[in-house]
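Which chain is which? They are A, B, C, D, E and F, in the order written, and residues in each are numbered from 1.
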């Protein structure tokens, strides 16, 4: 791999919904890569609160003025998606030691199956408690979760 | 920060001694950066098994044919060393969830004090148990630790 | 908030079933608060082994002679339930480091959304392995789980 | 219990599928016991990717030339299965600290209910990331998971 | 113990130095207790960066207008200090899962030796990375740690 | 290795002091092995509260009527001690997830250097908080730690 090759990273997730933590993670790594593809996972076995179209629209809105960042739907293995897009890196945030163990196993398995490296970023302290599961719980119960998602994301 | 700026990373540690895990980490991130500076920490309050000169020589030997990788001694705060060297990134390996908690706090504190981002890499599975503390214990007791350090490092 | 205001705490859970660990937690914090409301969660998306009526009856039985402790059903956000009951505190037990990470995120999110503080208690050593999931597994397989639940709770 | 009594261990799991990690664990403990019974769990509430017959055949194949190792289906409590088979020990692998917390609680509950001791083994480093959940994900998405399962196990 | 008895808590630590995290913890629990005694530990085997007199003066300064909060030096067992001061509770912050394990053991041992309960509080997200060890490292290396300590604490 | 070979295990530690947790661990594994050698570590870089002679006498006292259990002093690498004593196994207790990470690395390194397997046992719930560090702290401060050590151990 030559040094002049474009550095492309995939940031995979279900983003149900996309949070200020996800947004900060992209902004904090944007200069490290020439291109970041946000890979919106769709898994037919999983139930989402927000439709794929909705989740995609939100992310596009957040990065509409950010060159080098794009969104794509994907299903299947993350490393297959990376290969198709010539990405050599996966970006993952890791908030807790429970996350850590899980992410480590996935990253190591991906590395056994390919040369794709996973790059981990810790959340900013103020984002360390924010996760999509809790946000969904707040939304489901009519609480106000607007402070946990990027400007422009409205739940109703 | 422009996209064409050189991406420089600092990989700090005491490397007492430098292990095959450290070596792999540099090799796995070498294409992500234009330059990696291995920052050999020297802390007057800490006792090292191997002299600074010895540790430096070993690392230089390992990367003597690897353009873009250099070694420097440093003391003081890692972020000050980064600024002096125009590095925007710190690289850290994180093996265990205990490491994770500690590294997270350090990375977050560094981020509060500067714009320097810490990039984390998980070890390859076969390196996940290798750490300098255990190697020193083996060497101290005349065990054979050669399989845990790069070729060319000899404990005698 | 004046010092003479009543200190009210909510102890939320699904209590499916209520264990000796839950019982000890209430008894150990009973003098810290003027009132403890055991909030029996009912979530229409979740399947319970024991009916809500049964779980409520068991808890009422355990504390029938304990002034200051009451039971209420609730659904929705815990902080909304707290506000409705003028409770300033949530009580949670935390047994393991996996629990810890999860509980920390919930407590921090609740604190972002309100002024309600979560107070954590570690289990007594002899209760540290007891959890409702394992008890349900024992009961489902006709094992004897009576030693893990308060006197007066019979699975039949 | 006399020292001359046969030492019998049960290695319970769903083995969906059986991995090289499971295989190594049996081979590494085979001399510690006179007999190891691989207990293939079947839980009617759980969905498996591979049929019970298929999973059993695979394990039998792996150990067909290994005296002292057998496979049996089981449902219900592990300690009841142990008693029925005069086993005094349960063997469990523990890969991560998240696993650890869960396994500790189960082992302690089993010990409260019986005299059966659980013996834990750490994976070899090269097996530390391998788990059945990730393998199923690879297989489901037509990836090549053959390097993570014993020779002779073919997914198609 | 009667409900009308004063609720007294001890918040023990070495506070080398006292941080905004410590300050927030006291302010967040101040209404739960009638009195909080900040117990400044002095251990002749330990080396401190800041003198006991200095650390005490700083804490007194922070709480000089806060009725119900006082500072005392102590050495010896925390539970002995509690008994001498008629305190029924110990307050501890717990930031990470590594902290958690350690604090759990201490709290359980204290509970075996006395009836004193330990009450745990999670840090606010923005304080979750702040710890005295890292602050000392910053100060030692002439970094600016003022944002991590309460107003009025100056390292010079 | 033949099935009829004696199964010998080493239980290494500094045992400063030997606790009821250590005692239980030996008693719970005594039937798994033909011989258990308690290996009393002596490390000239470490400071002990109790002399080696004292620690050895205490352990001998505890097991004076238990055939198959012996005590030996050792220094150097545990695997070298095992080889000298024809032991194929190391026994370790693991109480917390922090312990777990550390013990895993040591066990895996030992396995890379030899064929010696480490067998892990979880503490009984009532012993899960007991550790020698906390006991030394209690003793140093004239607290009563007698309930945490085997009968016959007196700190005076």
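Brief remarks follow.
Here is the rule we go by: a residue touches a chain if its C-beta (ideal position, glycine included) is under 8 Å from a C-beta of that chain, and two chains touch if they have at least 3 such contacts.
Being a predicted model, the structure only gives us computed values, none of them experimental.
The chains in contact with chain E as well as with chain F are B, C.
Of all chains, the one whose CA centroid is most distant from that of chain A is F. The two sequence copies chain B and chain D touch through a face in which the numbers common to both exceed half of the numbers used overall. Across the assembly, the mean Cα position most removed from that of chain D is the one of E. Separation between the centroids of chain A and chain F, computed from CA atoms only, is 46 Å. Taking each chain's centre as the average of its CA atoms, chain D and chain F sit 28 Å apart.
Centroids of chain A and chain C (each the mean of its C-alpha atoms) stand 34 Å apart. For chain E, the set of residues touching two or more other chains reads 96-98, 101, 104, 108, 112, 125, 128-129.
Looking at which chains touch one another, you get A-B, A-C, A-D, A-E, B-D, B-E, B-F, C-D, C-E, C-F, D-F, E-F. Interface of chain B with chain F (complex): residues 95-99, 128-131, 134, 137-138, 141-144, 147-148. Partner chain A is touched in their complex by these residues of chain B: 1, 3, 5, 7, 28-29, 31-32, 34, 68, 88-89, 94, 97, 100-101, 103-104, 107-108, 111-112, 117-122, 124-125. On the side of chain D, the complex with chain B involves touching residues 96-97, 125-129. By the touch criterion given at the top, residues 76-77, 79-80, 97-98, 101-102, 104-106, 108-109, 112-113 of chain A touch chain D in their complex.
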